[in-house]
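All remarks here apply to the structure that follows.
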Amino acid sequence: MSIEDVQRELREFVSERDWAQFHTPENLAKSISIEAAELLEEFQWGAPDDTANVRDELADVLTYCLLLADALGEDPLEIVRSKLAVTRAKYPVEKARGRSAKYDEL
Amino acid sequence: MSIEDVQRELREFVSERDWAQFHTPENLAKSISIEAAELLEEFQWGAPDDTANVRDELADVLTYCLLLADALGEDPLEIVRSKLAVTRAKYPVEKARGRSAKYDEL
Amino acid sequence: MSIEDVQRELREFVSERDWAQFHTPENLAKSISIEAAELLEEFQWGAPDDTANVRDELADVLTYCLLLADALGEDPLEIVRSKLAVTRAKYPVEKARGRSAKYDEL
Amino acid sequence: MSIEDVQRELREFVSERDWAQFHTPENLAKSISIEAAELLEEFQWGAPDDTANVRDELADVLTYCLLLADALGEDPLEIVRSKLAVTRAKYPVEKARGRSAKYDEL
């Protein structure tokens, strides 16, 4: 199963329900924040006792990310890779190794 | 390029910098929320004038999602698909078509 | 200095800049999420080394909360108190003492 | 009713339940993000049909903000006012009037 297969399934799911009308980039961006917070809620007071919930909430964030990539006409893997190239340059191995500081504080 | 290739690149990027120590599930969940809000910021006062920023912020959310999937030992495509099956059942086509209401209000 | 004084100052600040046009409830709700994530970013990889930043980011969240209360015509203290009454009932002392579980799991 | 009265009520509520142990600054920062997203959820697909929910979700964000101010030993009104002074300087009336751009793009 490839990411294209999953994207195809998602498009079908949305189209059957006539939901594309709700999926503006802005609404999808809000949805990603909302689902990200539901994921965070699993860690609100410490480690979660149920990792099945963590997995399901992560799936929701990922789903909306794939839908937003689609709405923008972007390839999700391609944008991750090209951003990674930028991040590599901002965090050179010799400076960043073992440190969680921001690039402008390295 | 498959999602496994991108995951491999991300793992390499993290390992070269010795950053796995920072990537607890909780820290990654916080990071997803933080990046999701940076994405949302592009829409804070309306439609963004620069979609390149939207794409880059989405890439950041996706990157942390892939890292969290990895930390949890989950396959990102598999969890999206199995959550989709649950959502299909919660939002049957005949009830959900053309409506943005939550499943408990359909 | 009372909360009404601060609200008056905020209104003046907004009005001098002719910013009320941007302060729809929805835009303010997005702004609260965005600022909340900037606050969270101070804790992204653990305890912050600079609590002055935490204080400033908290001030930003509070500011947008006061602006939203204003846009809704609500008294911020009154709504906190009436929600507290609801929460008291959901989390009775004898059940909730020393536990971080959600009310439906107590 | 002053903000100090509300803060006193909140402290009593927390202390009766022995919840101060959960209220580390980090947990409160997470809680603010979580509640901010529940507020945002009211606007996920457009204007909410129920403003009572908006009010209640805003109350939750405010409550955690007051608890975090307490945990930090900060006066919530004081920090809003001193941040406002900084923002005034960043957004001078003549430059910022009628514009939603960030200060570095004015």
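The first chain written gets the first letter, and so on, giving A, B, C and D; residue counts start at 1 in each chain.
Methods note: a residue touches a chain if its C-beta (ideal position, glycine included) is under 8 Å from a C-beta of that chain, and two chains touch if they have at least 3 such contacts.
The structure displayed is predicted, hence computed values, not measured ones.
Participant: Given the two chain pairs C-D and B-C, which is bridged by the higher number of C-beta pairs in contact?
Facilitator: If we tally the C-beta pairs in contact for C-D and B-C, the bigger total goes to C-D.
Participant: If contact pairs are compared by residue number, which of A-C, C-D or B-D agrees with A-B in over half of them?
Facilitator: It is C-D that reproduces the contact pattern of A-B.
Participant: Roughly how many whole angstrom separate the Cα centroids of chain B and chain C?
Facilitator: About 26 Å, centre to centre.
Participant: Please tell me the distance, in whole Å, between the geometric centres of chain C and chain D computed from their C-alpha atoms.
Facilitator: 2
Participant: Can you list the residues of chain C that touch 2 or more other chains?
Facilitator: Expected reply: 22, 30, 33, 36-37, 40, 43-46, 100.
Participant: Edges wherever two chains touch, nodes for the chains themselves; is that graph a line, a ring, a star, complete, or other here?
Facilitator: If you draw each chain as a dot and join those that touch, every dot ends up joined to every other.
Participant: State the interface residues of chain A toward chain C in the complex, per the touch definition above.
Facilitator: Going through chain A, the ones touching chain C are 30, 33, 37, 44-46, 100.
Participant: Which residues of chain C touch chain D in their complex?
Facilitator: Touching chain D: residues 1-3, 5-6, 9-10, 13, 16-19, 21-22, 25-26, 29-30, 32-33, 36-37, 39-40, 42-43, 47, 51, 54-56, 58-63, 65-66, 68-69, 72, 74, 76-84, 86-88, 91, 93, 96-98, 100 of chain C.
Participant: Inside the complex, what are the residues of chain C that reach chain B?
Facilitator: 22, 27, 30-31, 33-34, 36-38, 40-41, 43-46
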